[in-house]
C-alpha cells in the first residue's frame, strides 16, 4: 500500500482535501473534494503519479452540478474518486489537455447535463444527435432534484439494507 | 453524434471520406470521418451515437432491479461481466453477502463468456484483414459455449442471469460435464488457431508495428483490457482489485511487448488459455450450498459507490449515486471500448487506411457498448 | 456473294473511320477531362480497326495493348490523381490562346497544302518488300531500323524522366 | 480489306454469330460452375455445408441467383455518370468473351486460331482494367474511386511479370500461336518440368492471382477497407456481369497457365488427346488450377497495398527478368 500512502502524501502536500475511504463499502480508496480552481492541478498531480483516467461524469444536484472524476493505477490497487462542484453557471475547467481521454467523457457530460468545460476546444455533441443538443436528458426534474448533502455518504452511516414497506403510493411512483 | 465534422478542408489534395456508419470494418454503426491524403488518413474523427439508447437515463427512471436486463444489452458479445458489475455494485452498496457457490458460478459463466467474446473478437479481427475462414472456426467453438450457457441462463447473448445475492438458477451436472468436455476440446483447438492465423506471414506483416499504443497513451486515455495489456502492462481488475472469488484462483495476466496490433491479438489468444484455467479450477473447487441469498427489496443508501469489473474488453466501472430511495439517483456506466476508441485518433493519424482498419479491429470494439 | 463481303468490309471501314473521328471530336470537345481521355481511347480503337482493315493483326493488337491498355490508362490515372471527380476544364471560347491557336493552325494548313502536298510527286506505292510476319518485323526493327528503334526508346526515357521531375515538383510545392 | 473478306469466307457470318452466342453461353456456364464450386469448397474449408436447399447439394443455387440478379434493378446513383456507369459492366464482360474465342480447348475445338493468339489475349485482357477504371470513376463514390485506382496500379505492376514469364515460353517455342505452343509440349515434356520455365510458371501463378484481383491480392475490392471497391455502387445485373467477368478472367488466367506451362490439351503420360479427350485434359488442368486459387483465397488474409506493390516491383519483376535472360541464354545454347 506504499503507492496509496505516497499518493495521499502528495495530495495532502498539494493542499487537496483528501481522505481515505472504506473500499469495501464505496469501491474506491481515496476520496478527494476539489474546488473548481483545483481541478486542473489535481489532474496534473494524478498524471504525475501515473494514474490513468477511469471516467468523468456529473451529478445534477442543487446548488449546481457535482462533477465526478475517477482515477486508478495500473500497478497497484488504488482508486481515487474526486468530486468538484461546478460554479453557478455550470462551468468547470477542462482537463482534456492533461488527460486526453477526458475529452470524450467531458463531451458526453456536456451532452447529457450541459456542464460547460471551459477551455475545451471541441464541445460538439458526441452521443446525442445535433438537433438534440439542447435536450440535456439527464437533468433532474425539479421535484426529483435533491441537495448535494442528500447524496453525500454519511460518515459512520450503516450499510445495512433497509427493508421497504410496500405502500401503494410508492408502487405507483416506482412504475 | 454530430453531423458536422471538425475538419474544414481547404487543401485541395485532401478530401473527406466517410467510413461508416455502414462499413464492414467498423463492426456496427460507428462512423469515422477521415481526412484523407491519398490513401493516408491524416485526420480521424469518430462519430458515435447511432445506437445510443440513453441507458443511464433508463437506470434513473426505474427501481434498481428493473435495470437488470439493460446491463446485458450494452456489450452483447460479453454480457456476463456487465451483469456481474451491476449486481456486485448493488451488493456492495447494500452490504449483501453472496453464497460462495453463487460466486463460483458467476466466475465460471463470466469466464466462459469471456472466451466466447474473445473468439468473436479474434475472428472478426482476422476477417478485417481479409481472411474469411478463421471466424467460422471461432464461431464453431463459440457455439459450444453459447449452447452450454443457454441451458442454464435461458439466453444465448444478452444474459440476465445474475441476481443481487447470487444467480438465478443453479448449474447442473450436464452443464459441468459439458463445460469440461468443452475445455478439453478447446485446448486442442488453440494450437490450430496459432497455426492458421498467428503464424501466417501475411497476418504478421499486416499487424506487426501497426497502431502502437504506449503506456503513456494508455494512461492518458484510460485504455484497459487486452488493448492495454498488449503494451506490456499487466493490469487486470481480476488481480488488482479482486472481486467475487477471483483471488481463489491461480492465473496469469498475459502481456505483449510492443503494444502493436499483433500483441493485442496475441494477448487475446493467451487469455483464452487463462480463462480455461480459471474455469477448470472453479469447477474443481465448486462448493455446495445455496445459490441465491434470500431476496429482499432494499432501498439504496445515500452516497456514492463504484464497482469495477474486468470485461472482455477492459475495465467496466459502474458508479452509482443513491439518494435513499429505491431508484438510483445517478448511474454512470464507464465502458471500456469508449476509452479504447478515443485512442484511435492519436494512434492512427497519418496511417494507411489498410493499417487503420487493422488497428481499429485490434481494439475489438463493440459499438452498442460505446453508445450505450 | 463476294459483293456482299465487299460491302461488309467497306461498312467496317466506314465504322472504323467514324469511330476514329468521333473519338477525336469527343477528345477535343468534352467538358469533363475523363470524357476526353475516353474519346481518345475510342479514337485509338478506331485506328486499331484501320490497321485490322489493312491486314495487320499484329499492329492492331499492339495498338490496343499499348495505346488503349497502357497510354490511356496512365492518362486516366493521372486525371484521377490530379482532379476531383467532377472537375471540368474551364473554357474561354475567344481567349487569346484560342485566337493564336487558330492562327497558327491556319498558317500550318496553308503551308502544308501549298508546299508539301502541292510539290509532292505522287507515285504508286511500292510493292511490299517483306511478308510482314512478326519475325520479319522483329528482324527489321533490330537490324535495318535499329537506330530509329533505339531513338524511340530514348524518347520514352526522356518522357519518363520528365514525368518524374514533374511529379516531384508537384510534391515539393505542396510541402 | 482482303483480310476481312478472307476471314468472312473462311468462317461465314452465320457461324460467327452462332460461335459468339455459344461463347457467351460458355462464359456464363463457367461462372455458374465456378460460383457453385467456390461456395461449396469455401464451405467445406470452413466446416459448413454451403448451398443445400435448391437441387441436390444445392446445385441449382447459382442459376437461381443469376435469375434473381437479372430480375433486379440496376440502380444508378444520382450523381453518377449514367452512360459510363452502364457501359462499364459490358466493357468488362466483352473482352472476356472475345478471349474465350481464342482459347484452344483441344486440337480441333477452338473458336478462332490466330498466329498471334497470345498477343491477342493479352491485348484484350488489358481492356479489363479500362472497364474497372470507368466503373470506379463513373460511380462517383470515393470507395469506388479508391478501388479503381488501386486496381490500375496493381494491374500495371503485375502485367509486367506476367508478360515476362510468358515471354520465356515464347522464346522457347519461337511462336505466339497457342496451338503451336501446345504442340511443342506434346508427350511428356510440359514446360513446367524445365527448371527455368517452372520458375516462370510460379511467377505467372502469383502474378495471375493479383491480375485477376483474387485474394490474397484482392485489394481493389477489399471489403474491410473499401466496402466493395470499384463495384460498390453496382446492383442487379451490372454487378452480375462483373462477377461473371471475374470468373471468366479466372478461367482465362488458369487456361493460359495450362496452355503455356502444363501442356494444354496434351494428356499426361502421353495419353490419347483427341478432340474430346484433349478438351477433357485441358479443362481438368484449368479446374485444378482454379481450385488451387480458391483454396488460397479462403486461407490467407489480404496483403496491404504497399506490400503488394513491393512484391511486384522488388521481387517478381527482377526475378522474371533474370529468368527471361537465363531462358534466352539457354535457348541460344541448345
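Labels for the chains are A, B, C and D, by order of writing; each one numbers its residues from 1.
Heads up, the rule we're going with is that a residue touches a chain if its C-beta (ideal position, glycine included) is under 8 Å from a C-beta of that chain, and two chains touch if they have at least 3 such contacts.
Quick caveat, the model's predicted, so the values are computed rather than measured.
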State which chain is most central when centres are taken as means of Cα atoms. B
Name the chain pair with more contacting C-beta pairs, choosing from B-D and A-B. A-B
Separation of chain B from chain D, taking each centre as the mean of its C-alpha atoms, in whole Å: 44
Per the centroid of Cα atoms for each chain, what is the distance between chain A and chain B, given in Å? 24
Separation of the C-alpha centres, chain C versus chain D, in whole Å, is 29
Averaged-CA centre spacing for the pair chain C and chain B, given as whole angstrom: 61
Numbers and ranges of chain B residues touching at least 2 other chains: 15
List the residues on chain D that touch chain B in their complex, please. 42, 45-48, 142-143, 146, 215-216, 218, 222-225, 227, 298-307
State the interface residues of chain B toward chain A in the complex, per the touch definition above. 1-4, 6, 48-49, 52, 54, 56-57, 60, 62-63, 89, 92-96, 215, 218-224, 228, 233, 235, 240-241, 296-299, 301-308, 315, 317, 319, 321-324, 326-327, 329-330, 332, 334, 338-339, 342-343, 346, 371-372
Chain D touches which residues of chain B in the complex? 15, 17, 23-25, 39, 126-133, 136-137, 140, 196-197, 200, 202-203, 205-206, 352-355, 357, 361
Write out the stretch or stretches of chain C touching chain D in their complex. 2, 5-6, 8-10, 12-13, 34, 38, 41, 52-55, 57-58, 61-62, 64-65, 68-70, 72-74, 76-77, 80-81, 85-86, 133-134
Chain C touches which residues of chain D in the complex? 1-5, 8-9, 13, 79, 81, 84, 114-116, 119-120, 122-124, 126-127, 129-130, 133-134, 137, 140, 145, 148-149, 152-153, 156, 176
